[in-house]
Every structure is written in C-alpha cells, then in structure tokens.
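Okay, so chain A shows up in both of these, paired with chain B first and chain C after.
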Partner chain A sequence: MNRTSLTTMQFALALLASGAAALGLVFSLPDPGSVPLLTVFFALGAAAMVRLIRPINLWFDGALMLLGAVALLLALPQTGAMPAHFWWALVASWAFAWLFVERLSAAIRAGHLPETGTGLVIPVIFGLALLVAWEVITRGANVPPVLLPPPSAIGARFMAETNILWADFVQTFIKSVLPGYAIGCLAGLAVAIAVDRSPFLKAGVMPIGNFMSALPIIGIAPIMVMWFGFDWQSKAAVVVAMTFFPMLVNTVAGLNAASAIERDLMHTYAANNWQTLMKLRLPAAGPFIFNALKINSTLALIGAIVAEFFGTPIVGMGFRISTGVGRLAIDLVWAEIAVAAVAGSAFYGVIALIERGVTFWHPSVRGGRA
Partner chain B sequence: MANRVIPVLTILLAILAFWYAAAIWMNAPWQDRLNARADLVDVPFAEFAAQTWAQDKPVLPAPHQVVSEIWNATVALEITSRRSLAYHAWITLSATLLGFAFGTVLGVALAVAIIHNDASDRSLMPWIIASQTIPILAIAPMVVVGLGSVGLTGLVPKALISMYLSFFPVVVGMVKGLRSPEAIQLDLLRTYDANGWQVFWKLRWPAAMPFLFASMKVGIAISLIGAVVAELSNASGGGLGVRLLTGSYNGQTVQIWAALFIAAGLAAVLVAIVGAAEKWVNGRMGARA
Partner chain C sequence: MSETSSATACTNGPAVIRAENLGLTFPTGDGDIVALSDVNLTIEKGDFVSFIGPSGCGKTTFLRTIADLEKPTSGTLSVNGMSPEEARKARAYGYVFQAAALYPWRTIEKNIALPLEIMGHSAGEQAERVKRTMELVNLSGFEKKYPWQLSGGMQQRASIARALSFDADLLLMDEPFGALDEIVRDHLNSELLKLWARTEKTICFVTHSIPEAVYLSTRIVVMSPRPGRVTDIIESTLPRDRPLDIRETPEFLAIAARVREGLRAGHSYEEGSV
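Showing the complex of A and B:
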C-alpha cells in the first residue's frame, strides 16, 4: 500500500487496466502494426504495471485513458464487427478512466487539487466514457442501427436536418410549451393568492391540489386534442393543466412561510393586506414558487410531446418521434430526443439562474450550491 | 375532523356543479343541431339540460355518465373480457408495480453506492440528474417498440419505463436520507466501535426511512404515469393507456374519462398504500408523529 499509495479498489482497477492492456497486446500480435496507435496504447498500458514498483502520476492514467479512447475510435472499422482484441482496448481504457476518476476524486478530497474546475472534470469524463462505450459497442458489435444508432450517426443526422429540428422545436417548445407554461403557472399563482385570504377555501383546495398533482393528468391529452384541435392550442392546454396544480400547492404552502414575528412587524407598520402580501409574504414564498417553476419546466415539455401523439399537424417533436419510429429513422428520433433533453435542461437552468438572482437571501442560495 | 372534511366537500361540490354547467354549455351546440334535425323547437331548459347530459358522444360527459360507464365496464362485465376496465387496469397496475419495485431497488442501490464511494458520488450524481432531462415519457412508446424488436414484449418494457422514472426520486431522497445522521450520532457509533456495516444498518438505514417513503410516494405515482404512457404504442397489449388511445380514435369521450377516472383512483390507492406502510414502519421504529 505504501509503495503505490493506492487503495484496494484503485489497486484492483489498476491491475484490471494493465492486465487487459497486456492481453490486448498478446492478442494483437498476429497482425502487428495494423493499427499502430492501438498497439502503442496496449504497450503503454501494460507498461503501467510498473506501478507495482514505483508510483505513477495520476495524470498518466488520465493520458492513457484518453489515448485508449482515441486509438479505439480511430481504429473502428467502417463496416462489420471489430476484431476481438479491440474489446480488450475498450475494457482497458474504461478501467483506466475509472481509475483516473477514483484517484482524481481522492486527490480533491485530500486537498491536493482545487475543487473548482477539477470537480467538473469527473462528470465530464463519465459522460464522455459513456459516449465512447456506446459508439464502440454499437459499431464494434455491429448492432443494427434500427435498434440503437451510434452517437456519430445521430450527430451527423442532427447536422443534416437542422431545419426540420428547428421547425419542430418552434412548434413544440415556442408555440406549445412556453404559452402553456406561462398560463398554467400564472393561473396557479393567481388562484393561490385568491384562496389565501380564506382559511376555509385554503383547507379545501390544498388536499385536492395535492391529490391532483399525483394524478396522471397527462391522460387528458386526447380530450384536449378533441376540444382544441390538432394545432398547438391543444398542447398548450395540456401543459396548462399539468403545470397548474404543482404551482397552486407550492404557492399556497409558500405563502404560509413568513413567520408570525415578521407578520407582526408588518402589522406594527400598519401595512394593509396587499402591502403585506407584496412586501413580505410573496417574497418569502419565492423558494416555493421557484420549486414549482422548476418542477413544471420538465413537466411542460413532456406534456406537449405526449399530447402530440394524439394528433398533430405534420410538424412537432412528438410527431417526428412517432413517425420516425414508424419509418425506422431511429437516428432522427435520437436527434429529436437530444434536442428535447438540451431544451429541457436549458429551460431548467434558466429558471434556476433566475431563482438565484431573485431569492438571493435564502440560505440554500447563500450557501453556495443551489 | 369536521373542519377538515367540510371545506374539501364544499370545493368538490363546487367542482361538480361547475362540471354539470360546463357540460350543458359545451354540449349545447351539438344538441341544438340534433334538435333542429328532429324538428324540436322551444325545448324547455330543464329538458335541454337533461339532453346534454345524456348524449352518446358528448364533448364533455356529465359525471354520472362517467360513473355509469365505469360501473358497466367493471362490475357488469366478466373480468376476463377485453372490454372490462378492470382487466385493463390490472395490466397497467402490474406493469406499474413491477417497474416501481425495480426502480426502488435500483434507486436504493445507487444511493448506497453514492454515499459510500466518493468517485461514484462525483461521477454518477450529475448524470443521474441529467438522465431525467431526457423526456423518457415522451419517447416511452418508441422505447417499447424498440425493446419489442429485440424480443422484450409484454410487461417488461413498460416496467422499464416506470423504473426509469421512479428510480430518480428514490436516489435523491435516499442520498439525502442516508446522509441525514448528524456527526454527533456517527461519533457515538464510533465510540461503540461499530463497523461500517453496523453504522449502515443501525443508524443510516433507519434514519433514511422517512426520506425513502416520501420518495416512494412520488415514485409510485410517476410509475403509474409511465406505465400508462408506455401503453400508447401497443394497441393490442391492453391497459388503460390503450383505452385512452382507442377512445380518442373513436371519439368515445365517455370511455376516455372512465379510463382517466380509473387511473386516478389507482394512483390514489397506491399512494395511500405507501402512506399506510410509512405509518406502520415509522410506528414500529418508534417515530413520534
């Protein structure tokens, strides 16, 4: 342990990585030099066994991981399955990646490396490793593209079809999600403020609102399509119904968040109900309202896409996904999914940023991490 | 009790009254046309209202129509009949429960890995969050078709969708819960010379129970939604989602509403069961209410 300064788990990973590299080197001997970069990776990876004698810098493991991934991607045959010893390269570079991440996080924890920046490297490596493994497995094992296309094909399709993807994005996100989200959230907020004055109404609305939030409201999509037609209005209506109840429940709860002593203070200022609401209770409800806004940002996109399965004009993300499956254009479907994921994350991110600006006083924001 | 029930009942009655009024208003244009064709003029309002509440394919069915449809499609039919709502509800329920079980186990396992390993905390957590930005519900029908082409059919693909949706709240809740013991409590166990296993079973796991149940309530509701949406792609497989789909193709609004009510009832019962289990476990562990 002293010699290598590795934990048991890191040691096992190191053995796995170097062992796989050595095996890959052995199996690639029959045709040496056919893929020089890969041979270099195998040789260096096997040579990393010297850590048994003297420690190796963790960045060397990182470099090996990178080399393995690049060599493997470059060596992938254009058609057909890849030679068997390539799999050892995949195992070895995956193990090097894991080892690197383990040592990196240990170094951050021990304070050898700064948290900012390097802390971000780890999830990025994990994501890239997933993408590389996806690419290598789908192309290397000759998985039919109809089942699961490699990321490169999805990327190519994404680049080739940007105008279709943009039209779908406008139809689904700009026309359906945003108006529905705005109307649903504002209506929830307004109803919450309206019932807030009456304890009787509040006692009645809260259980019903909580119950409705747990229901599969998405099921009203076919009804909305019948009522409002095939175009974006019906999708926006579904989004309104889905976003209304979380907003209502959270706002009602949030309006109770201001403490009695703060309300008493407003009372001594002779503030009327409206002033108390605007200057104290609504700001105090901020964290709750933003919580609902964040929940709703993901619900809204899902609601709009699912509603498009029940009837739509010939544009829209849900339409493209369902017809793409029918035409076996799975790479287009995945490109559409990527757009949805990015749009959803960006939407969520924007709300979270606004939250940090508006509720800057809240402990969860002042603590540094939202 | 009374001052809890009365407000809820009042609101429910108001919704019901509003619903009947809306049914008159929304069904009126079609009823007008029917009456004009039948040369009925000057129908008194009470009779007209009754007509709008008894249409065959109303724009908005009146509540009693939905209730009688549910009755006809459950109690009045053989449970094995393909027209029985109970049969379809059972298909959806079994996929929901299977997916929920998978999701809970996966979520707990991931949470345990995350709190015990620094690297998996740093590498997994951001991607678990990112995994939820993929609108899986939106692609659920496609996933089911895709899995069907590799030979996975029936319950499992739907359960996988439910699992994907329900593991997330469980991971987030359990990570929070397993980390909820305070330093002073961990220190106490150190003075007892407890090993990692004992710390887990005697402190972290019990401390995480309230978080687990709160997450499971969210998880089971979302599992049901996942199962219903996953059924939309396979019209022959049955399930509440299929009832929604065929209802929408045939304009059978009463059928859609009946399926929706059954789904809502299922969700309520499932959440209530999890809540009851929570009370029981918390009571056994001596938690103060």
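Showing the complex of A and C:
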C-alpha cells in the first residue's frame, strides 16, 4: 500500500484530477496568460501528480478545488460559449472536490478529524459544487435561460424581487400552509382518538379517510376554490384535505403501539380509558404522530402551491410560478422554487427538532437498543 | 399432597386467595385449550407461595386470573374475599411482569409514581412514597435516570418498587427474574426475602427455577401442563430467616428433590398422554 495511503477510488480520482489539469494546461498553451489564475490552477493541479512519489495533505486538494472553482467562475465569458479547455478546468476541479470530500469523510471516519463542524463541510461542498457546475455549464455551453437560467441570474432576480417573493411567501406559507396544516393535523389526531374508542367509527370513518386520501389534489383544488373562494381559505382547505389522512392513519397505528404488558399494567391499576390514553397510549404513539407531522410538512406546501394554480388573488407562490412560466420569467420561477425549497426544508427541520425533544426516549432518537 | 391441600382448605383464617375447582379454557380456532383445570388452593396472609412447572402448565395464567387479567370459565376465585374484578378495582395487588415494562419516556421516579398518579395521591404523598419504595429496593440515587440507562436487574427492581409504591398487601410476581443472569438473580432473591420480611406482604411468585422456588417460598405449588393443574403442594420446613448458603443444607436439598419429583411425575403424565 505504498500509494501514499489512498484507496483505489481516491487514487483514480487523483489521476483524473491531475490528468484533466495537465490536459487543460496543454490546450491553453496556444493562448497563454489570457486567464492567469486558470493557468496557475492547471499548473498546480498537474503538479499534484507528485503524490505518486510522496503524499499530499488533503487540505491541499481542498485548496485546489477552491482555486479551480474560483478561477473558472472569474474566467467565464459574459457572452457566448467558453473556450474548450475551460471544460478541463471544470472536470479537474470537480474531481479535486470529489477527492477532497472522499478523503475528508475517510479522515472523519478514522477519527483523525472531529465529527462536529467538519461533518457539515461535506454537504456544503457538495451543494456549492453543484451550483458551480450548474453556473459553468449553463453559461459555458450557452444554455438558453428559458430552459435553465444560471444560478447567478436566479440570485440576482431573487435580490431584485424580494418584495414580491416575501408577499408570495406570506400568502402561501403563512396564510395557507400553516393554518391548513394545523387544522388538518389536529383534526386527524382527534378523529384518530375517536376512531380508536369506537368500533363503529372505525368501520365508518377509516374507509372514508382512505377514500379521501385517494382523491387527486388536482381534482379537489378547483372545487375547494368554488367552495371557499379565491383567497387563502380554499388553499388552506386543500392542505387540510391533504394532511388529515396521513395523521389519521399514523395516529391510529400509533395508539396500538403500546405493548400488551404495558397495557396490562394500566389494567392492574384499574386506570380508566382517559388515564390509559394520556399516560400510556398517546406518549407511545409519539413517534408515529411525529412521522405524520413530518410527512405533512412537505405535503402541505405542495398542496398549497398546486391549489394556487386554480384561481387565486394575484399573489402567492403557485400563482407566481404559473404566471412566470407563461411570461417566460423563468428566473423568477426558479427563485420561487428556491423559496419553496428553503421554506419546506426549514419547516421539516423545525418539526424534526421538536421530535427529537419530545420523543427523546425512542431508540431511533437516542440511538440505543429497544 | 391431599393432606396439605385439605388442611389449608379447612382453615377459615383470613384467606387472601381462595380458588375452588377453578378452570379456564381458551377457545381457539384449533379447538379449546384447557389452561387451568380443577385448581383448589388457599393462600393465607403473609404466605410466600411459589408456582413452579414447565411452560404451558398454567402458572402464569393462574396468576393472571387472580389479577383479573383473565376470566375463569368455571369454579370460583376470591381475592381478599372479593371477586378478582372487585379486588382489582380496589387496587388489592401489585403485579410484577416478566419484563420490567417501565415507560421509557418517564424517569425512574416518575415510573414508580405512575400508579400513585392514577390512584389520585397528592403530589406530596407521591414524593414521599416514591422515596420510601426506592430505598426499599436500593435504588436511591437513580431517581432522575431513564429506564434505558439502567441495567436489567435495576429495571426489574424499579418495577418491583412500582408494584410496592401504593402499598397493596398482595404482590403477584410473574417470573420477575427470569431474564436476569444467575448472579443478579441470587442477589435479588435475597433482597426480595428481606423485603418480604420487612413489609409482611403476601407474595405469589411464578418461576421455573427449582432453587429459586425452594429458597423463597413458605409453600411451593407444583403444576403440570395439559391440562394445567396442581400436582403437589409442598410446605417448606425452612426457617423464615434464610441466608443464601441455606441452599447447601440437606433440608433445602430434600425439598428441592421433592419439587423435582413432582415435576417429573407431571412431565411423564404429559408424555404418556401426548
């Protein structure tokens, strides 16, 4: 294993990275010095081949990755396709990024680096690498902005239209998603508890719930608009319809999660139904209920946005997306998508954090045995 | 055998448990399963009675019937002079299950306080009783721990404390130490004896370990399967004060031999009938 302690995978990546850099250097020779930083990157990247003789620190690979990305972004022409050797820079810096992340995660696994902090570096690098590749490919290959605008254009549009985006966020997320989510989840929970107590309701409500969950949202959204009007109420109603059933099914399952011994115990204390529910069955159902809350957090946003396609006041994320596509304002559509993605992730993250606090005792949270 | 059972049946003292011709049949799709058949037994106040037998002999079912977790299908059963259901509603007994069954979202002290909360004791009284029972089972200092932070032996001690916390006179224990290793089990056995001496409770104890049954009990009920029935009732001649090394004395071994004999008799019957 005298390949400077790299795995086969890492070694192949290192060869690819340095090879691409060397090719880039060769192809940039007819036009030397036009982009000095890129030439420096090519030269250093090719020089990294010395790892065949002596090992190179993993942070050097990280620095090369960064240098390549910055040099490439700075060198991108404002108009027209980029020169061919730029593609070698993209391949080389992508390979250096991959190599760096590979070595970083191996070092964390081996305990050479602390988990906290460095663990977050990897997803950040991955996300940034995707953005850089997106930017370079869309601009470098002259992709029409109507098909896919570069992230820089989306970012610029985002900054220019924060007022619109904020108004849309308030309309869709604050006014439609949150009330609909709260009503749908609470109703699902309440009906689940009622269903659990009554065999009649179980026979009657569960099939209807099943039926409701099978309703296509595209179908019910226009009907909700007719029932509840154009404003946020109809969107909230769609969200209620979408979130109710996952909560109902999960809670009904969760209420049966307590073991026979745990229930016998309550019986030996002559506990009444309410006590058994509050002290045993509802806490035991916690992981199931939070599962539904997490599923619903993303479902709710989808439901509200899709519902806005079917009639809305002239504000809202779904409205902006549908009209933006029609007006070919694709960068604004992408900016809305970015807002939706961030809002949805943050919503999910908050629920997941609360879950960790409330169901701290569950083996899936504390990472222990049952 | 007939001598002992008739002797106890005739006593008109304060019988805690009295079973007469008790039978329990579980109907299944595969035909009826006779879990208990014609069980006659009287348990006096302050007794430590062990139920021993192979699996399927109905020892756990009998305990569950006393606790009103199963309903008998024939015969009569009284607990503290009441029906099992009335006794359960009067919180006449504490039940210790095979598994500790502590609620993982509650700390140890909150687990022990669970029956007290349900029975409506005041907060001050809850705290006082939790403290007292935790001392009784040597768990002081672990009040704020969660069950999954404790060893199996400590969890089972906490579940015993939970059964003791509301101070019922009858303690029903269903193989409480079955899942623990021998060393922990020995330790908990001697602690249980001390606890019994101190609290003067009536204890019904299901086990499949002969040494455990002989070491703990004042009476040993030997049961055999298919159908579950009592084959022998052995009065222990051991003194109430029992150090662990009493298990090497000839007296102890003689009782153990009689239990083993009773089990073998029931077993050969089973093999003959199957």
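Definition applied: the second predicted complex is superposed on the first by the 346 of 370 C-alpha atoms of A that agree within 3 Å, B and C clash if a C-alpha of one lies under 4 Å from a C-alpha of the other, contacts with A are read in each partner's own complex, and residues count from 1 in each chain.
The rule we apply is simple: contacts are C-beta pairs under 8 Å (C-beta built on N, C-alpha and C of every residue); 3 or more make two chains touch, one makes a residue touch a chain.
Owing to the predicted nature of the structure, the values given are computational and were not obtained by experimental measurement.
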item	value
Clash-or-fit label for the pair chain B, chain C on chain A	fit
Chain B versus chain C as contact partner of A:152, first or second or both or neither	neither
Touching partner for A:323 - first (chain B), second (chain C), both, neither	neither
Superposed arrangement, angle subtended at the Cα centre of chain A by chain B and chain C, nearest 10 degrees	80
Which of chain B and chain C A:227 touches, first, second, both or neither	first
First (chain B), second (chain C), both or neither touched by A:345	first
Chain touching more of chain A, residue-wise (chain B, chain C)	B
Three-chain overlay, closest Cα atoms of chain B and chain C, distance in Å	14
Touching both chain B and chain C, residues of chain A	none
Contacting residues of chain C [partner chain A, same complex]	67-69, 88-89, 91, 93-95, 97-99, 101, 103-105, 114-115, 117-119, 146, 148
Contacting residues of chain B [partner chain A, same complex]	3-4, 7-12, 15, 26, 59, 118-119, 121-127, 130, 132-135, 137-139, 141-142, 145-146, 149-150, 217, 221, 224-225, 228-229, 232-233, 240, 244-245, 247-248, 251, 253, 256-257, 259-260, 263-264, 267-268, 271
Residue numbers on chain A that touch chain C, as the complex places them	259, 261-262, 264-271, 275, 279-280, 283, 286, 359-363, 366, 368-369
Residues on chain A engaged by chain B in the complex (per definition of touch)	98, 101-102, 104-106, 108-109, 119, 122-123, 125-127, 130, 146-148, 200-205, 207-208, 211, 214-216, 218-223, 225-227, 298, 301-302, 305-306, 309-311, 317-318, 321-322, 324-325, 330, 333, 337, 340-342, 344-345, 348
